[in-house]
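Each of the next two complexes has subunit A plus one more chain, namely subunit B in the first and subunit C in the second.
This part shows the complex of A and B:
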């Protein structure tokens, strides 16, 4: 007896998005979640939904398709997800060198047909008046948005349940039932569940889950530390990352500051609907160690005040951290593994998971239900790591 | 980010922290006390009333006088005190992040004593977020420290000692206390305090609760009602009181955030205000070198806090080798004797039982860890 057509491991933003989409095909879906919905990275991040932070090439194309879905998402899900698609995304540069690096990255990004421009310091300050006087210039993407990732994940989960999915929390996967090179079920601390199709949507933990199935897939946690301020009056509209964000991501060799490089520290800041600001972030390899560190806090806060001097008088109410699922080539793993039939990967989006969650759900569901996604995702195949 | 080192860092310059600082400094330790407030002394400087208890615990002396004496003693002894300095975190290695004079400083101390005290409990009801609803402790700070009346017509919720004493002090400061509302069937605090309030003509309404605060932009009226045996309001018993301020005196809970960050083990003791850090007879937590003292270990009162501070200061100094084993033992014995007196009698027994449970749970945990 099959317990489900598809078992999804992980009740995060990917798992819930996939569960919702599979329901549209009438698939019986069981989501197994170790803790609770959005207990991992989806509940420990900011909500940038931007083009300008995406790697030029296939990842950018994926983002274009995903962000297009965001437009109607709240309506389709029937819940407020605090999505603001005209918030804009901006990356202020401190000097000409940073500006030129951003410009060269933007030029590559524009090949995907997105509106990413370079603007002057004055233009940047006209858009965001609280920006520091000495900002040299900025990258600006008027069509980038922001969302509340916690609300989005829960909205996916609610919609998935309405579509018939069962989301079983507090259930930890301990292994897999495998026969003749195909997955036949999932073992958990609450017993065994039988099915022929399993989706590994465990985010930063996806490497560990794959290992239980005998697959060596390089997804590792990368810690991002963040701070939350007290709610304040309107302060900023766009989501803002300092130029180092894209430079660390796409041109790390250009970074001179050793501490910034070690911590992967750059400014990322946005104001949420309730007025509080989320300030990040770092990209650190520290295993599953979740602590906030004085060193990272020092770097992040100084960077925040460097770009927004008025923040000096705003209180921080909380620090937290989350794990971003890192892959060696910076691209997610999407699709079935050749080594184990019926075992699908949907993980490894690093810092782009929130923005890429709608399209990931859609493509994985199409792949499982119809055998072929509406959009070629071969470049994201996990088999690239399974030689 | 500057890093500094010291022998002993103490977080909180209240009753417990100041006593710990004096003991540790007297033994020869280099001591740094950090407090986020503009002035040290914690809650002592708010306490205009005379203390109870034995002469060893300054019965008959007013709280602020005790505070002033503690402070003078600490200042003379050569302890460094940082005021207006916020401790924003503690890492697993017990290092402390402080914003001092606008600078981010990491304090790496050989021993750390956390004496952060307690914070007021909150109670939610319709209208409880309106301006004019505040903790009784906040109202006490306003009248006794800042000399500002929080309101003219006040309803106090809770008849424990805090509710009774603050009501009296609000009246002394010129406010009208219209009623003290208490959900329990009898008054929570000492009879002598309640007697004073009643003689002043303030009704203490036991078996009642606040059901609603009414007002456009601030509290204008308060709705109260009788409660049944399960503390549920009984429909039809509502009364309206014209008041501009509601003070909540519904208990305290320990301020344990730093201890959670440092990875201390906790136990749950309702009589102490909820989750409290495990600690041994020397006030050391399950994190080596991290000590606690005062209300952060479980809500009691100022005299116990001072004695726990003494104990933590002596223990931390002894563990640095600054006191001989014999000298430390002798002092500890004296302090424990005084603590024993404080935790006896009609009101002290409950706290004694709670403290014994806390120590027993710690011992059980440590025994399990050694196995």
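This part shows the complex of A and C:
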């Protein structure tokens, strides 16, 4: 007796997106979540839905397909997800060297047909008047947007439930039932559940979950520290990352500041709909240690004032952190594992999970329900790590 | 009409919204927080956390002592961004 057609492990933004999409095919879906919906990374991040922070190539193409889905998402989900489609994304540079590095990354990004341009310091300040007087220039992407990741995850979960999915929280997976190289069920601290199709959507914990199925898949947590301020009047509309964000991500060899490189620290800042500013962030390898460190906070806050001097008197009300699911090649793992039939991966999006959640749900659902996704995802196959 | 009572003053979250969050699956203070924004304001739940624990206990029949509290984080009270400014850099 099968408990579901598909069991999804992880009630985060990926798991809930996939559950919603599978419901459209009439699949009986059971989501097993260790804690609660959005208890992990989706509730501990900012809401950048941008092209300009994506790795040139297949990941950018995937982002283009995903961001296109955001246009109708709130309507389809029937909830306000605080999506601002034309907030814009900007990366101010402090000098010509940073500017030129950004320009060379942008040139590669533009091969995916996205509007990412380089603008002068004056043009950047005209768009965001609170930007510091000495900013040299900036990368600008007018069509990058922002969303509320908590609201989006909850909206996916509600839509999934309306579509028939059962989301069972406070249920921890402890192992898998495997027969003849195929998955047959999931063992949890609340008992066993039988099914032939399992999706590992555990984000930073996906490597640990895969290990329980005997699969060695390198998804590891990368800590991002952030701060949130008191709500203030309108301060900025775009999501802004300083130039170091893309340089650390795509040209790390160009970074000379050892502390910045170790922490992966750059400024990432946005104002949410309720007025609070989210200020980050770092990319650190520290296991599942989630405490905030003074070293990281100090670097982030100094950079915040450096680019936005007017933040001086704004109050920070909370520091927090989240884990970004890191993979060695910077690409997510999407698809069925060859080593274990019926076991699908949908994890490893690092810092791009919010933006890539709609397309991940759609493609994984198509793959499971129709045997083939509408968009070729071979390059994201988990089998690239399974020799 | 008593469900119109504001429980989280910072974020203006009513008792009814908290009950709705619990029916949506929240069983901890953080669960209510992620669904309603309660505890996300200036006081970070100093006022409403206890009240939310009690509402969860009442609605779910759990012992109030078993309800997981809001995950505490720095700073203990608000601090300005300017506190981190480089003194000699000016």
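We adopt the following convention: the second predicted complex is superposed on the first by the 387 of 387 C-alpha atoms of A that agree within 3 Å, B and C clash if a C-alpha of one lies under 4 Å from a C-alpha of the other, contacts with A are read in each partner's own complex, and residues count from 1 in each chain.
FYI, a contact is a pair of C-beta atoms (placed from the backbone, for glycine too) under 8 Å apart; a residue touches a chain by one contact, two chains touch by 3 or more.
None of these values were measured; they are calculated from a predicted model.
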{"item": "Subunit B versus subunit C as contact partner of A:319, first or second or both or neither", "value": "both"}
{"item": "Of subunit B and subunit C, the chain that contacts the larger number of subunit A residues", "value": "C"}
{"item": "First (subunit B), second (subunit C), both or neither touched by A:21", "value": "neither"}
{"item": "Subunit B versus subunit C as contact partner of A:43, first or second or both or neither", "value": "second"}
{"item": "Touched partner set for A:144, first subunit B, second subunit C, both or neither", "value": "neither"}
{"item": "Contacts of A:295 with subunit B and subunit C, given as first, second, both or neither", "value": "first"}
{"item": "Partner chain in contact with A:66 - subunit B first, subunit C second, else both or neither", "value": "neither"}
{"item": "Touching both subunit C and subunit B, counted on subunit A across the two superposed complexes", "value": "292, 297-298, 301, 316, 319"}
{"item": "In the complex, subunit C residues that touch subunit A", "value": "11, 24-28, 30-31, 34-35, 37, 40-42, 44, 73-75, 78-86"}
{"item": "Complex interface listing, subunit A residues touching subunit C", "value": "36-39, 43, 150, 154, 158, 167, 169-170, 228-230, 274, 279, 292, 297-298, 301-302, 304-305, 311-320"}
{"item": "Complex interface listing, subunit A residues touching subunit B", "value": "291-295, 297-298, 301, 316, 319"}
{"item": "In the complex, subunit B residues that touch subunit A", "value": "1, 88-89, 91-92, 95, 97, 104, 106"}
